[in-house]
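Below is one structure, written out as structure tokens; comments come after it.
Chains here go by letter, A, B, C, D and E, matching the order in which they are written, and residues are numbered from 1 within each.
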Amino acid sequence: MTVSLTLDNVSAHYGSTQVLKDLSLSVKAGELVSLLGSSGCGKTTTLRLVAGFLEPSAGSIRLGDRDLTRLPAHQRDIGLVFQNYALFPHLSVRDNVAFGLKQRGVGKAERDAKANAMLERVGLSAFAERMPAALSGGQKQRVALARALVIEPPLLMFDEPLSNLDAKLRVDMRVEIRRLQRANGTTSLYVTHDQEEAFSISDRVAIMNAGRIMQLDTPEVLYQRPANSFVARFVGFENLIEMTVTERNGEMVTATTKAGASLTLSQTVYGAIPDRFILAARPDGLAVRQSGEGIPVTLGIRTYLGRAYQYQCTTSTGDLTGNGPLSELLEPGAQAVLVPVPEQCCILPPEA
Amino acid sequence: MTTKLHPLLIVFAAVIFAILVAPLFIILGAAVSDTSFLTFPPQGFTMRWFTNIFDITAFRTTAITSLQVAVTGTFLALLIGIPAAYAMNRFRIRLPSWLSNVFVLPILVPEIVLGFSLVKSITIGLELPVFATLLIGHTLLVLPYAVRVVGASLASFDFSIEEAAISLGCPPLKTFFTVVLPNIGAGVVAAFILAFITSINDVSTSLFLTGPGVSTLPIQIIAHMEQFFDPTIASVSVLLMILTVGVMAIVEATLGLTFLTK
Amino acid sequence: ASAVSAEAKTFTISWWGYNGDKLNANIIEPFKKICGCDIVFETGNNADRVNKLKLRGGKGVDVIYLSDSFSQAGIADGLFLKIDGSKLPNLADLYDLAKDPQGGYGPAYTIGRVGIVYDAAKVNPAITSWNDLWRPDLKSAVSLPGITTTAGPMVVMQAGKHAGVDAFTNADKAFEAVTALKPNVAKNYNTGSELVNLLSTGEAKVSIAQDFTLASMKAAVPTMTWATLKEGDIATLNTVNIPKGSENVDLAYQFINFILSKPVQQLEAEQGVDAPVSKKVELTPEQAKIWTYGADTIAKLTLLNYAKMNDAKMDWIDRWNEIFSK
Amino acid sequence: MVKRLTPWLLAAPATLLVLAFLILPVGSTLATTFLEPKGWIAPYVTFFNSGVRRTVLYRTIEISVITTVLSVIIGFIAAYVVAHVPGRLKSIMIIAAVFPLLTGVVVRSFAWLILLGKNGILNSALLGLGLISQPLSMLYTEGAVIAAMVYLFVPLMILTLAGVLEGIPKDVLEAATSLGATPFGVFRQVILPLAMPGLIVGAVLVFTGSFTSYATPQLLGGEKQMMMGTLLYQRAMVTFDWVGASTVAAIMVVVTFVIVFLMTRLARRLNPMVA
Amino acid sequence: MTVSLTLDNVSAHYGSTQVLKDLSLSVKAGELVSLLGSSGCGKTTTLRLVAGFLEPSAGSIRLGDRDLTRLPAHQRDIGLVFQNYALFPHLSVRDNVAFGLKQRGVGKAERDAKANAMLERVGLSAFAERMPAALSGGQKQRVALARALVIEPPLLMFDEPLSNLDAKLRVDMRVEIRRLQRANGTTSLYVTHDQEEAFSISDRVAIMNAGRIMQLDTPEVLYQRPANSFVARFVGFENLIEMTVTERNGEMVTATTKAGASLTLSQTVYGAIPDRFILAARPDGLAVRQSGEGIPVTLGIRTYLGRAYQYQCTTSTGDLTGNGPLSELLEPGAQAVLVPVPEQCCILPPEA
């Protein structure tokens, strides 16, 4: 049974402080949507609202054709992986995982079997008899994950479920989550602070800011065509350069920065360019060159990234960050230019 | 378990427990002394002060009443006290903080006055039967333990695991029993012990609340002591202790006493 | 009153609750046969039973056993019916002292006395007068009954006599004498068992006590002796009264008459339950030893005016507290 | 709406019980003290005019406060050990703590008589060792009353505190240690505040218990150490002066309430989570 | 005062299970060393050991010239950021941060000022009066961080201190940590599950496995020249291909996989190549091409990575993962070849 989740103009308060502001969000049946947003922006609050631990002060929440807004939490049939795990301290790892099945009247033998199978999947078979207190952080987190997954509810919510796992396990787990989610057609809401994770696991990603959703789109669209400078910054367009068009020459446009550096941009590559715009680029999107057409900068701190060197650059109107190839080591203090790499840059409306 | 205790602490605790237990040997000695008065060291040995308890009809009947009242009263107090304690910790901001002091009132008001006032208002005013009055009185008397002692355990309870259970489909009431209760077991057991003992030992309130046909063991003991000064009272204490060890042993064997502490 | 009409009745007796099994055999079972009624008890000490009776406006029990100062308090509060002596034929057999000790209310069914006990092995010379309590050699050796106990006010009475005044009219002088007694006091007691403990552990050697405690004291300290006082001992009476809310007044008279009857009095005395007040009861010297028994003994007793004493009590308690609790 | 009422609904039965069977009846009893023909505070004036009654009040406060402080300290240490010993020993210790509560006050005071009396075990031992030449008067002193009450209330502290102490998360203690707190610093700044919910409950129970106690001070202190409970008893049960008794009771209720309130305030300063 | 930390053959047990096995580790004065390792490998245990919450069953721990092995924990003067925060629930955010200063006898005014300044740095100035219970996960984590940083101890230890922060804050915080650590010359031990973080923040990184340290080296060395296949796998060399040399031709070497695919490798690029070796490559290091010299594969699931497409590939001897450019979209099921990209591959000794 695959259902959709809709939050309609939802507001939420803790005491007198408003945390969510007219938030609307819809997750299609069987879809996995991630919530990405800075610390304290209201991601956990959104999940708690859907789970029923917090009552919205306005707005409504629907799951399929059921109105959840006033439904008691335990009747919502929603799996939730808690950010702080919230394991039952008095139950063994296996019993923690089997808990939800027990509530659904699954017999002892069957639920133990299912719990064991799920523990196997999260790599904790050997720990089934342990008490949660004797687990490492990452192990606890996987128990929390297994506990929510095993009940196979129509809606699953994950609150930073992999934050304490190492890179490899993280990928394994996320593949596993995705596999199960797809297999069961589970509608899912996934909170993570890891963009790569969000982008790789999600059908669509919602970027949140201060209790509002700024953009909800597929990873590709978000990553390549952020709708506003907030989202752009968020998806790593560290460099936001205000520009003004000085000359239009067919598809070619010449624009200058405030500091007077001028760039020639092709509308075939960037799409239509308005008279005032922001050129957004990731460090990868500003190639550090010793010379050539580009924005002149003075190089600052250099960081080794593995696949490239990153340079903090200063210009008269602000700092920019660009990447240079491993093959060409430039020293701090040197003069250089930043050349936009068209596929990695985008054009945004100016900020209000 | 892994926390190491400072040797001084262990010595100190050993001394405290030695002092707590020491007088009990005197009482044990006095209870088997073959004399018609309390004495220590015991002179001779007899079990007659124990058999005396069973021989005297009034001890038996009042003991039954006392047990009924203590068990029912403690149970009722926990039944209504635990929800109150829960509400005050779970919904801290939504309940006024003075409420917790309301639940101390039953032990804060001198027992005689409580008994007197209760008789005036319910035995006379509402014409409730004696046993009902006695039960209400005892429930009231032990309510502070149920609310406050359990409340102390709930103060440090992490309510997010309750949410976890609910999100897994466990109804709130069941969640309370399967998740909250096991984790505040120490508090509930402590509350139970204190409430039960308070009820079973109570004299002053019961003085008033007993009536025609209904009396409690402590009152019977006091009546007995008006006339007789023999070691029966010591043997009653010893019996109570043996009973306690017995009950604890059964609990230990069946449930394991770990629930005592979580 | 016919037995038939009482068939379904429940007869309620208020008493202390000790010696229940003997009383049951000696009184209750036989009386049940006579009256054909059910019998229920209210048990507890004097004070709380009077309190409860008062709260209930005299209702709830049909007959109440009390010691004399408490029955006097009940009388003062108008809780009891006046007794019609003609309905108690057995009254004629009682010592005069017991027939009507409180002016028209219930008779006494047993008698006791308050005097001085001392450890003959440790107190030398023997105690022969109430005044001996003030002897300097008894420093920290005396245990007085607390002012709230039956015998407590008697200490004040005797202190008055020691000072040569009537404590009711000149309480100041009487309490000066109590103050003078204070250095001799080790600790005052509130219950008989406490006294026995004090004596058995040697905390006290001399005390003012009720006679029924003597046997236990002797068991603990064989040399405990009942002092023969030249002024004589003081009588204590336990009375039975019919509360004014009684619903079975006839049965109550029947019951009181029954417990005053010679066979019952005899049985109770022989079994060590209560001292007899019926002149017809005859005891062997061995049986009589523990009781205040015999016309001669009884004639020598002083009787307190409880009405006056109860009026003075509040003031006395305050004065007593001033001396002992400051 | 129902949700909003939940806390009240849960607290309602207990609250109503206290309201219906305590606040109203006791309130009306205490109210009688204000209906005296001699003026509405006359009974209180009478009370405070009596030197001995004032003394008794101060003594009661003093004894109760000392008893509470000692019980809290001793009980805390014992509970701390109980909370940290392995399972079986823990159960044994808890049973041992419960025992003293099962003995009636009369036998208990007899035991104290045997231990502390003039001819008691302790005096005999001290005399035998030649440490003293005269038996010490340990009974019937304020110390004896306090000792007996502490004896009675320490188990109560242990029971209320052991669970709470055990529930303190270990990592928070480790955090304090890693930040340089000495063991005493950890105790003062972390364990104590976090144990406060249990501590305050125990302290309130002990304080009210000792403040209203009657039999223990009477048996171990005698009249010399009379406390408010006895004063109340004398009025209520000997002279049947319920107005006087209610006056004493009202004073007791007010004093305990104020002290309980102050204790709670203090506890909240150490830990705002105290309910 | 800058000191070094040395763990010498340390073993640790929880009850009867051994968690650390003869672990030796040395952090130079003022250096920041990261511990990287899979969940449950003993990272937290190592920190607890150094902090003094756990006694080693063997071995010794030294900080500068002090032997820590038996020193009481509170005398060690070590700052520790706990994995699960371990905030004091009864203290406000500010008092939490000021706690360590208070222990050091710093006066009220000064410690509040310092705490405020540190809260400013972690972006929580507005939350100073709050109680920890009213904070979001990431906010709690930052309090834990501020609390340890503010005392400026000679040794700081961080247990996944940024795991619950969003990408941007994470970078800000790690820059902040690094800045303070450098400024104070604080010797530091840093646990993270995030390789990029480890590599960017650390002077050296220790790769742990099952209670042992597998390699301790600078990020560059680890990243480019893992010493063994465990570390290689760990740093993202997902593809480990066993090869045997079939022909040597000067600096050029021809080797074949088990399945018979043959590659020509230059010893100038890869260094000396033994007769039996493992070719290790990240997905980035195996370029997916439609044809050419390489390992023939069948393409499987395709994932969008932002900068490239990633393909799960199957061969007769196992699965491999390679990346293809965004410009060339290949469909699952198609035949392709994986071409090693020399700079992104390395040669490892065969597994024992």
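List of remarks:
By definition in this document, a contact is a pair of C-beta atoms (placed from the backbone, for glycine too) under 8 Å apart; a residue touches a chain by one contact, two chains touch by 3 or more.
Please read all numbers here as calculations on a predicted model, not as lab measurements.
By the document's definition of touch, common neighbours of chain A and chain C comprise B.
Ranked by C-beta contact pairs, the top pair of chains is B-D.
Chain A and chain D, compared by their mean Cα positions, are separated by 57 Å. Chain A and chain E have centres, each the mean of its CA atoms, that are 21 Å apart. Mean C-alpha positions place chain B and chain D at a centre distance of 16 Å. Residue numbers of chain E whose C-beta contacts span two or more other chains: 84. Residue positions of chain D touching 2 or more other chains, listed in rising order: 106, 110, 114, 183, 194, 233, 236-237, 273. Along chain C, residues 48, 51, 191, 193, 197 each make contact with two or more other chains.
You'll find the chains touch as A-B, A-E, B-C, B-D, C-D, D-E.
Chain A meets chain E in the complex at residues 14, 36-40, 43-45, 83-84, 134-139, 141-142, 159-160, 163-170, 193-196, 199-200, 219-220, 223, 233-234, 236, 284, 303-307, 326, 343. Chain C contributes residues 12, 14, 16-21, 24, 40-45, 48, 51-52, 55-57, 60-61, 191-193, 196-197, 200, 212-213, 215-216, 219-220 to its touches with chain B in the complex. Residue ranges on chain C touching chain D, taken from their complex, read 47-48, 50-51, 54, 73, 77, 146-148, 186-188, 190-191, 193-194, 197-198, 201-203, 313-314, 317-318, 320-322, 324-326. The residues of chain D lying in touch with chain B in their complex are 4, 6-8, 10-11, 13-15, 17-18, 21-26, 28-30, 74, 77-78, 80-88, 90-91, 93-104, 106-108, 110-112, 114-115, 151, 154-156, 159-160, 162-164, 166-168, 170, 183, 194, 197-198, 200-202, 204-205, 208-209, 212, 214-215, 228-229, 232-233, 236-237, 242, 245-246, 248-249, 252-253, 256-257, 260-261, 264, 273-275. Listed in rising order, the residues of chain E touching chain D in the complex are 48, 51-53, 72-74, 76-80, 82, 84, 86-90, 99-100, 102-104, 131, 147-148, 151.
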